[in-house]
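One structure is given below, represented as structure tokens, and several questions about it will come after.
Labels for the chains are A, B, C, D and E, by order of writing; each one numbers its residues from 1.
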Amino acid sequence: MDILLDSFISAILLLKSLDAELYAIVFVSLKVASSSTFVASFIGIPTGFAIAFKEFPGKRTVITILNTLLALPTVVVGLFVYTFISRRGIFGPLDLLYTQKAIIVGQVILIIPIVTTFTIAAISQIDDRYRKTAMTLGATTLQTAVVIFREGRFGIMAAVIASFGRVIAEVGISMMLGGNAKGFTRTMTTAMALEYDKGEFILAVALGVILLTISFTVNLFFNYLQGRARV
Amino acid sequence: GADKVITMSTTTSTQASGLLDLLLPEFTKDTGIQVKVFAKGTGAAMRDGMDGNVDLIFVHAKAREEMFISEGYGTKRYAVMHNDFVILGPPNDPAGIKGMKGAAAALKKIANAKAMFISRGDDSGTHTKEQALWVATGLPLVCKTTNIVKKGKKRELVFSHPKGLGEWYISIGQGMGKTITFADEKRGYTLSDRGTYLKYKVGRKYGLDLEVVCEDDELLNNPYSVIPVNPAKYPHVKFDLADRFARWLVSPRGQALIANYKLLGQQLFCPDAIPDAK
Amino acid sequence: MLFGIKNLTKVYGGRKVLDIPELSLEKGKVYGLLGPNGSGKTTLLEILSFLLPPTTGEIVYDSRKVDFSETFLRGLRTEVVMVEQQPILFTTSVYKNVEFGLKVRKKPKEYRKKIIHEVLDLVGMRGFAEASAHRLSSGETQRVAIARALACSPKVIMFDEPTSNVDIENQIAIEGILRDINVQKGISVILATHNRIQATKLSDSIIFLFNGKPASSIYENIFSGSVRRDGDGNTYCLIHDKVRLVVRTDKTGYVKISVNPKMIKVFPAQDIPSGDHGFVGRVIQLTDEGGDVRALVDIGIPISVLLGKEEYKQAPILTGERVALVCPPESIEVM
Amino acid sequence: MDILLDSFISAILLLKSLDAELYAIVFVSLKVASSSTFVASFIGIPTGFAIAFKEFPGKRTVITILNTLLALPTVVVGLFVYTFISRRGIFGPLDLLYTQKAIIVGQVILIIPIVTTFTIAAISQIDDRYRKTAMTLGATTLQTAVVIFREGRFGIMAAVIASFGRVIAEVGISMMLGGNAKGFTRTMTTAMALEYDKGEFILAVALGVILLTISFTVNLFFNYLQGRARV
Amino acid sequence: MLFGIKNLTKVYGGRKVLDIPELSLEKGKVYGLLGPNGSGKTTLLEILSFLLPPTTGEIVYDSRKVDFSETFLRGLRTEVVMVEQQPILFTTSVYKNVEFGLKVRKKPKEYRKKIIHEVLDLVGMRGFAEASAHRLSSGETQRVAIARALACSPKVIMFDEPTSNVDIENQIAIEGILRDINVQKGISVILATHNRIQATKLSDSIIFLFNGKPASSIYENIFSGSVRRDGDGNTYCLIHDKVRLVVRTDKTGYVKISVNPKMIKVFPAQDIPSGDHGFVGRVIQLTDEGGDVRALVDIGIPISVLLGKEEYKQAPILTGERVALVCPPESIEVM
């Protein structure tokens, strides 16, 4: 049991050691995860809006497909992206494989379904009178969307938070498309996987503790944003 | 500069053993060339080479390496080093093979006793070796073929194992460390490379109960080699730098570093190019 | 012409909830929209404020034929604003709610501030500018919603029962505002309400909806009852198990009837004529309607009688007084 | 590129071959994932309700912690559970490690935060009048909760679907706690990871295609349930 | 005693929206609750139906002291049902909505069916039993909500503006129901409304709320205006920039005043007395109030005057007629 206690202490020691390598890893993790979350939100939230609002044939099928894609395994995403950006793939010459960009591409694909489905769920629960009211007051489609976004921001924020959590904790795609190259594409999770492979369980969990601490900080920030948005 | 960076895919054992953490900084110091390492399963590492994603590979699966070269993916196989495999078993040794020298005979005894054996089952170098040992036992093997389509053509994948899969023979398809852990937890036998075993046995706060029950057979040798990817196949690869790394590894400097790498006081790898390097 | 409507229908799940063969509304007027629950008032207002596409039909607004494409509609919506029956306020302050239409119209900040204070004053909600809108009481909410619409200074405003939850003082104020924006700014108003007095007081013209159709018949004195036949072969309608009205109809069972208040005759209670059509009741209310007088008489059910100016002057009736009524069969329509 | 096409065809071949091994893997995956989802929903939905409804000091902190736990890496969960159920752990004698039960335990821990946070998000967007109405009509606390569940079922269903997707696509915990033992604890994802490690990318993606097909079927079923629930 | 209230307050964000030092309500009666928007009617009803805990204070219900613990309250809630001002229906059929309270009370299926049809009949919604509740119009929704509460046959029903969106015919019906359940079944009723006529007609007793406090003063003729002083040292209140009422107050600026309708005197138009307190206006409505007569006179603002039975009989006034009013300063209260 004391592996947990040991890990805590190790985590503190690691942090206190001001180890440059550790900070690089943390930095890469945060950079990649926030980029992915940002890009996915940028695509997924408007898509979710469009699907929630428009009535079109096959709408339920589209939602079912999105729900299915919530079960997209990282291996599939990883290999899918791999086929395009590997040297033999059509984007091979761009030399994207084993870069942070590659991880971001993969992670974006992974979480777009999450952002989109939960945006849809959040938006569909919003009283339709908000839409009608904004429109009758002369709002454009975009302005109406902003109103609805404001009203549904807790749900949408939850979607974004979940997506961020998913990618910062994700290991498969980072490993396959990033390659866990020290100093370049090593993230907290790939480092954890490595330590685990090495049998350094305590170090693996210590890194996990650090990851959760960072995620907690990020969430405190989100929380602060939500608090402000409450008016 | 950015040009002096090469990429290498390797099996997890070279990285997990800590060897690369010793070698690479020295190499960079000597030549100014940086090596980016991607550690993964042997198969996946070789795929990286075949797809031209890396400049060289560092693996241990001799037969497949030779095929890799004959198919034109690699230029030359540099034999760098070897370590050896050991058969591990629980302290009470239910199959009674402790002290046996012959690896094939030991496995046969395990099979006959139907004592639990944990196989990596992941087509890794270790798994390849294990399959070769089973062939050497002369026991009847079961082959299972899976049809897939590659480049539009049907292809068969073969997986062979002794009878008793799922009874006493457990195939877990995972890395070495996990396989050792599994065997330790389930009190079974397994085949492992010595380096990983040592790390798990004495390198950690809670060691293993598993003990070496069979070692020092010729059959248990485990040779590692590096192969630069063929620039004729993939013109973009940095062949010159990759080849320089390969040659550095088999140079006296590289070989000495390997010979002197000790983990927990034990030598892990024996240099192969210059066996008596110091 | 403000609105020209042709063959407008709205169908929900196979049911035609709106069916208007023809209707035209003039600019600069106040229209009252009356009709029982479910007659399609809200549906009509939403269609006319371009929030809901009709199932079929043609609408001409301000001599432009309306095609229900989003881009086209958006332009029209800046001219037509609707105040919903149960309005919802955005989850922010009252001030920002009222500001919304002005921001959308790109009005400068100072101007916005001025207008917001003006309209909040009008509805008596000035003190609540900084209150958070979702915490208001129903009447307060309704008044803020009205202010929010007024702030847009549109060409047309639709009010869907704007005073249903508003207190008496503010009902008067809002009725005043409604008249003022119409008279002073020339804004056209369409007002759906159940308050007939309000409708007659404010509107230039009244539209009756019944089952989704404009009803020529007067939407008044509507009662549900069942048609029966007595031993003497008379057909009558029994309302609330209390009142028997002789009717002429072939229908049986459960029906709705309307009694034309102009065709009911009033006599002193002692003069009750013989026959089946007479009732005695108490006058509960007398209301001035542009000279004519509407009397509400309780004969078991409250029934409304319209007396001509002269008729009333010659034989005034008093509240509390007992009178006799006669509803001739031709005053009763079975719907 | 043709790896994708190859994988599709291979997937069909695999399915057509009526391979008992494949079916075993699919069966284990479905069984484990649905058990985890069920248990996690059973715990997470009521917890979400309780948090959404009760006002208590530290409520926002609890929500922030739950949001943080959305970033729980599988390695941490795996090792955490491992320390308890390994032979040296306090539950060692139960011999849980490398069983399907162990995977379920880990996965439940992984997705409880998902179910809970999204239940909270779904519930808080529901008009409070539903609660008041149910209560004034004489409903008990439980009956009131049922009413609100009905009104918020789309959001809650989305949470359950996302959780199911998460666990059926999850590989780390299944690998660490299940051990990927052929015939016992091998799931679709651990099999995929194995094929990937072997370099058999086509087979890995083929398994992924099968996984998505199954997930699609499950979602069609969910969709049907939702459709029925619509009244 | 049905409810005994002591020192009840409800505070929202530092603001006391309800503040009732003492109030007791009898069993089996109908109480009308009147007050301007935001005066705390809904808040009081929610507290009395145990949906909202008060900030401070003691409530005794049916001789049981109410402690606001969930288990205790649940028992009470089965006896007291509230119909919200803007009721919400569960997302299911109308039938199931009405069934809810019965199911919760574990009534057998056949009984439920009977009751549901009965109450839907009462509110005229029988035809909608299978309709999906969220698609109803506002008035239909309100009526179903009333039926849903009636189905529970509780001991007390709170109605929060039950007819605000209901059409005229059903307003009458619902008023009838309200009276019937009180008289026939002895159900106590508390009714919040802005419709003063409805309140006087239905209630045994009326409670006025003003700013959260029970107001002794009559909640009528409430106007907002600003207090000014003219050259002659007279203090007057200017209402809607139209009407000047002489008041006695030290306050200045924006105030609310109420004019006691009993203290206003009516004269024929030509007899207008000299002085500053007289106005001339038109009688727009006369309503019978249990013998007394309420006259609504438009003097620029509509003002309500209460005439005693005898007074009216001796000098009846007619609608449409011009009359003179005198509002002595003592009839005016500045709030």
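Basically, a contact is a pair of C-beta atoms (placed from the backbone, for glycine too) under 8 Å apart; a residue touches a chain by one contact, two chains touch by 3 or more.
Computed from a prediction, not measured in an experiment: that's the story for all the values here.
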{"item": "Chains touching both chain D and chain E, listed by label", "value": "none"}
{"item": "Two chains sharing the most contacts, counting C-beta pairs only", "value": "A-D"}
{"item": "Whole-Å gap separating chain A and chain E, where each centre is the average of the chain's CA atoms", "value": "54"}
{"item": "Distance between the centres, which are taken as Cα means, of chain C and chain B, whole angstrom", "value": "86"}
{"item": "Chain centre separation in whole Å, for chain B relative to chain A (CA means)", "value": "35"}
{"item": "Shared-contact residues (touching 2 or more other chains) in chain D", "value": "127, 176, 193, 196, 201"}
{"item": "Multi-chain contact residues (two or more partners), chain B", "value": "40, 175, 178"}
{"item": "Residues of chain E engaged with two or more neighbouring chains", "value": "86"}
{"item": "Interchain contacts, given as pairs of chains that touch", "value": "A-B, A-C, A-D, B-D, C-E, D-E"}
{"item": "For the chain D and chain A complex, residues of the former touching the latter", "value": "1, 3-4, 60, 63-65, 67-76, 79-80, 82-84, 89-90, 114, 117-118, 120-122, 124-127, 152, 154-155, 158, 161-162, 164-166, 168-169, 171-172, 176, 188-189, 192-193, 196, 201, 204-205, 208-209, 211-212, 215-216, 219-220, 222-223, 227"}
{"item": "Contact footprint of chain B on chain A as seen in their complex", "value": "6, 86-88, 92-93, 95, 97-98, 175, 179-182, 184, 194, 196-202"}
{"item": "Chain C-touching residues of chain E, taken from the complex the two chains share", "value": "12-13, 35-38, 41-42, 85-86, 124, 135-140, 143, 161, 164-173, 176, 194, 196-197, 220, 222-224, 240, 282-288, 291, 293, 301-302, 309, 312-313, 316, 318-320"}
{"item": "Residues of chain E defined as touching chain D within the complex", "value": "46, 49, 51, 70, 74, 77-78, 80-82, 84, 86-88, 90-93, 100-101, 104-105, 132, 148-149, 152, 154"}
{"item": "In the complex with chain E, residue positions of chain D that touch it", "value": "127, 129-130, 132-141, 143, 147, 150-151, 231"}
